[in-house]
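I've put the structures underneath this note.
Note that subunit A is present in both complexes that follow, paired respectively with subunit B and with subunit C.
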Partner chain A sequence: MQGIQVSGQVPRRTRSKGQRRLTKLQPYLFIAPAMIFYLGFLVYPMLVSLWTSFLDWDGLSANYTFVGLKNYTDFLFHDDVAQTALYNNVLWTLGALTIPTSLGLLMALILNRRMPGTLAFRTIIYAPAVLPLVSVGLIWSWMYNPNFGAINLFLHWVGLGNLAGGWLSSFDMAMPSVFITYVWGSVGLPMILYLAGLQAINGDYYDSARVDGANAVQRFRHVTLPGLRESHVIVLSLAVIGGFKVFDLIYTMTYGGPGRVTQVLGTWMYFQTFQYYHAGYGAAIAWVIASIILVLAIPYIRHMSKE
Partner chain B sequence: MSSVELVGLHKSFGAHEVIKDINLSIDEGEFVALVGPSGCGKSTLLRIIAGLDETTTGDILLDGEIVNDETPRERNVAMVFQSYALYPHMTVTENLSFNLKLSRLPAAEIMARVAEAARLLELGDLLKRKPSQLSGGQRQRVAMGRAIVRKPALFLFDEPLSNLDAKLRVQMRSEIKALQDKVRTTSIYVTHDQIEAMTLADRIVVLNKGRIEQQGKPLDLHRRAANIFVAGFIGSPAMNFLPATARLSDRGPVAELADRTVLQIATGARIRDGQPLRIGLRPEHLALVPDGGIPARVRQVEPTGAQTHLHVALAGLDVVVVVDGGIEIAKASSVQLRIAPELVHIFDAETEARLNGDHG
Partner chain C sequence: MQTAPRPRMTAGSWLVLGCMILLSVVWLLPFVSVILTSLRSQGDMMMHGVFTWPEKFLWSNFVKAWSTGGFGIYFKNSLFIIAMKVPLGIALASLAAYPLAKMSFRGRHAIFLFFLIGLAVPVQVALQPLVLMMKALGLSNSLFALLPPYLAFGLPLQILVMRGFFRQIPTELVEAARVDGASEITIFRKIMIPLSVPPLAALFIIDTLATWNEFLLPLVLTSASDSRTVPLGLLQFQGEHSSQYTLLKAGVLISIIPVLIIFLFLQRYFVAGLTAGAVKG
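Here is the complex of A and B:
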């Protein structure tokens, strides 16, 4: 056996060219399975859908015509229903940004205190969030039923029978009725996210603000709201994304009606693609939805995450 | 500046009583340190004085006025937190001026006060930064600035140096001392670090299990601890305690250790023959002598540079001895120890109260 070298030279392990190449490749080999899935099931379909949006194609036959941006110009200038759908999505998103998020924050503030029963309340309020929206839509359709629905029965029972009506068949009430259903099912998630945010705020900030002389409103304004910055990013981004891809509730509750008054971009895209066999136009609507979400959500997320 | 008086303070959380009958007077301009182990109630007491917690019973008086029902703002106190509690979304300037803005002071006055605090604490270059862009020491300084900018009647410090590394802690300690010398505002400083308390405070109040064990000037506590708890808490390295029996011989009173080793103790101690004792020996008071001392074997040697800490076996117990760092002693060697009789602290083994000398 060789003794310890005293010459100051450290023996080096030599590697062959093949070994060195393998070492360089190693990280890519590790991410390869995920990349293959990502490219095959996400990037490729997206590119195909983008290509489809430039075609006049029924989605079934082998024949198609390249029409350039015609699907997009039709959407913008020649399709009244698309305008109604876009308008509904904008309204829906504004509603989603304000109503369930504010209610979620309010619930979180109430349930963040140490009181008996808070865990039960948190669970009850969050419970609708775990239901599939299709089920939620069906349940609420029954509740809105003009003949045997719980809402009309209740109105008659409390003596407000004159207010009872066909909620989902009314041109004026259909959209608000569906939105109420959405609020019922959507308060739980912001509540949980805000609760997590509230619990992460160091109690010393509140004590410090009290020593500084801040009252309850000032503490909310200067400690709670800034402390929930990360929660706001998630909650508001999800609201924007959810607002433009709403589909399930409209599909199950009104099917875009009465008339086309409750059409949204998601349902209109579905109808165009699978009912009217305008796959190219449907793909164009899908890209309009994606573009709006990207334009609205990404700058907001980047701005809020900078801090 | 305010004087502070706590009268018969009690505080309970449910059935658990954390503050038990605290009576304490603090003069205007005095710097008082509240020390004690974790859970002794010192931070709770500070929060009660600040107005962040309520008392269960008892009164808090500032300048002779009962302020039990007043908010922290009405009490005009400023507090420095262990976590600094700087608002993370505000710049240093905004942190410093937040309280002044809430008080609706004119903008010119706010800017003048912020500039003055920045000058005092050398924060001039940091005013536009946010807390996340500051080092621990800089954050600490901003927290101090936020307190002094208000010109409060009372400063409250809740373990303000605990989150700093050892070197920075020493530096900030002297900065706090210098600042206090400048502003002379009444200050209450909570810490579990007795060295901080010793170096900073005019007076130390030692708390244990919600009660005041002893209060006095730092060196008085070190020299004449009222009981075993205080004696063990004040001083670093901590005092050595050995069980012994009192013997009144012709040569004067002695303490007989478990292995029959006899230690001369000062006359005047209130002891009776055969009384069970615990004697306290400060590590720095034990001296190595060539012969004629108490024999002991070195178990462990811990050089710290200027000093060396020796762990020796004495009467079967581990005893720490502090010797000059220049002395070289090998592990397992035999040494002889001597301590002057008047430096031996004598405590009753049962009541744990001091038996020799006065305590204040």
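Here is the complex of A and C:
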């Protein structure tokens, strides 16, 4: 722009003190509206629930007792369902770290080749990821329906009818069944992220590796995988963070049952707080979830905040 | 794609293509199962199962599901909250992202980091206090109760994405405008925003879908039936008509058709935005 021409305007030095202060304040004024909402409706309630977690309180009445860390020790030592829930979350997270992510990587590698139909394949694999999880849960509840569901129908069709059953009402199969539903909706995002990562790798690296006589496996190990480092950090972090946030699918498909075998921390916190009115205990569970995620998300946040 | 010469398909390529087609069929199966159920009568389904050609296409299932499920209200509520939340959230995030990307001031990095931590905060940890806060604000059971927490929990990712885009805009452009005496708000309005239309569009679409899908916050914050959003209304519908399979599947389709249409038609922006959010600027 025409910097020289305009330099004849009021030089900065002659600005009044108030104006200069305003200039200094400006960045903060830009940030303020977002900060107010962030502080008021995320940070503040978070701190309130930290305080709540030290109380014996139903969440409604004016009476409460300060019980210190009792809710946390109860969580660790006196609540079998909490143990089940924690175990389920850990298992879920390990599954989320490996299965949809490696499938997503595989899809990305395949779709990165020149092949007819790649756009259609990408669209189909990603489509479940845009749906409301409640709808996804209901769709798959229908798939698992003991009488009319596609899964049992298929098993009968291939002559494995003895394996057919009530998937979501089975103590052993309920959790894996919900997890399969999760996989259906969760291959898309890692696929897209890995595809972007692959497309960012400089093609020359492959050419020179080829010149040096590297075979396909070696090229994958020494060019592709290191080139995807950034994608790995993001994909795996999102899987871990999501693994401890699980709620919608369990709520929709099993409601924590049968018995309580599919409870996860997210649903157990909800039940304790809003069904049993143990707000103090529920807040403690919420803080356990938050602490775990915050610790596990450190590499992700560090990566994202790098200048 | 058309200009590049197609490489010859080897046997391996054919095998991979075959596997992809098979996988796509498996991936589409849940949709097919729901669609085939929703288009027939309950009796037809009981007799012939799901995976047969319907005796008669019963489009009226959709009309019936829409009216008995009261989806009209849920759609209105969801669209209303989207119309409020999405533009406001993106405006707040863009305003905050501009100085974080293009100004130097004390505490810049700390503030950015402070927002980023929000990416790892699960909504559960604010849930019960939010219920009390909304009651105190006189918003319990109102659709407006959703707006502040939606904004707060959406900001971290949106600030991250917008800051990433703003950083890609050449600093010389901003500096030149400053020398010309343009105020920061003018630079924001006349340079940053016009140059960020594609990412803004992407964010707009992604956030629209995310807001449509939101479940836990409305589950806890809006218990009145006339302030339910679509996912909650759908669950309510399922509770009331759990054995009317065909009607229920029509309801499920009603809840996903809008997002699928948006996704299919605006996929290009969508994918660009997702990737941008993950790549640091």
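Following the convention adopted for this analysis, the second predicted complex is superposed on the first by the 282 of 307 C-alpha atoms of A that agree within 3 Å, B and C clash if a C-alpha of one lies under 4 Å from a C-alpha of the other, contacts with A are read in each partner's own complex, and residues count from 1 in each chain.
By definition in this document, a contact is a pair of C-beta atoms (placed from the backbone, for glycine too) under 8 Å apart; a residue touches a chain by one contact, two chains touch by 3 or more.
This is a predicted model, so every value here is computed, not measured.
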item: Combined model on subunit A where subunit B meets subunit C, clash or fit; value: fit
item: Touched partner set for A:V223, first subunit B, second subunit C, both or neither; value: first
item: First (subunit B), second (subunit C), both or neither touched by A:D207; value: first
item: Partner chain in contact with A:A34 - subunit B first, subunit C second, else both or neither; value: second
item: Per-residue contact with subunit A, leading partner among subunit C and subunit B; value: C
item: Contacts of A:L69 with subunit B and subunit C, given as first, second, both or neither; value: neither
item: Partner chain in contact with A:L160 - subunit B first, subunit C second, else both or neither; value: neither
item: Touched partner set for A:L94, first subunit B, second subunit C, both or neither; value: neither
item: Superposition-derived angle with apex at the Cα centre of subunit A and sides reaching subunit B and subunit C, degrees in steps of 10; value: 80
item: Least C-alpha distance (whole Å) that remains between subunit C and subunit B when both complexes are overlaid; value: 5
item: Set of subunit A residues, in rising order, touched by both subunit B and subunit C; value: 307
item: Partner subunit A, residues of subunit C touching it in the complex; value: 1, 4, 6-7, 13, 16-17, 20-21, 23-24, 27-31, 33-34, 37, 45, 49-51, 92-93, 95-96, 98-100, 103, 105, 108-109, 111-113, 115-130, 132-133, 148-149, 151-153, 155-156, 159-160, 176-177, 179-181, 184, 188, 209, 212-213, 215-216, 219-220, 230-232, 234-235, 238, 245, 248-249, 252, 255-256, 259-260, 262-264, 267, 270-271, 274-275, 278-280
item: Subunit A residues within the subunit B interface of the complex; value: 202, 204-205, 207-214, 218, 222-223, 226-227, 229, 307
item: Residues of subunit A that touch subunit C when the two form their complex; value: 1-3, 6-7, 9-10, 24, 26-28, 30-31, 33-35, 37-38, 40-42, 44-46, 48-49, 52, 59, 110, 113-117, 120-121, 123-128, 130-135, 138-140, 142-143, 145, 148-150, 153, 184, 189, 192-193, 196, 200, 230-231, 234, 241, 244-245, 247-248, 251-252, 266, 269-270, 273-274, 279, 282-283, 285-287, 289-290, 293-294, 296-297, 300-301, 303-307
item: Interface residues, subunit B side, partner subunit A - complex; value: 47, 50-52, 71-73, 77-79, 81-83, 85, 87-89, 98-99, 102-103
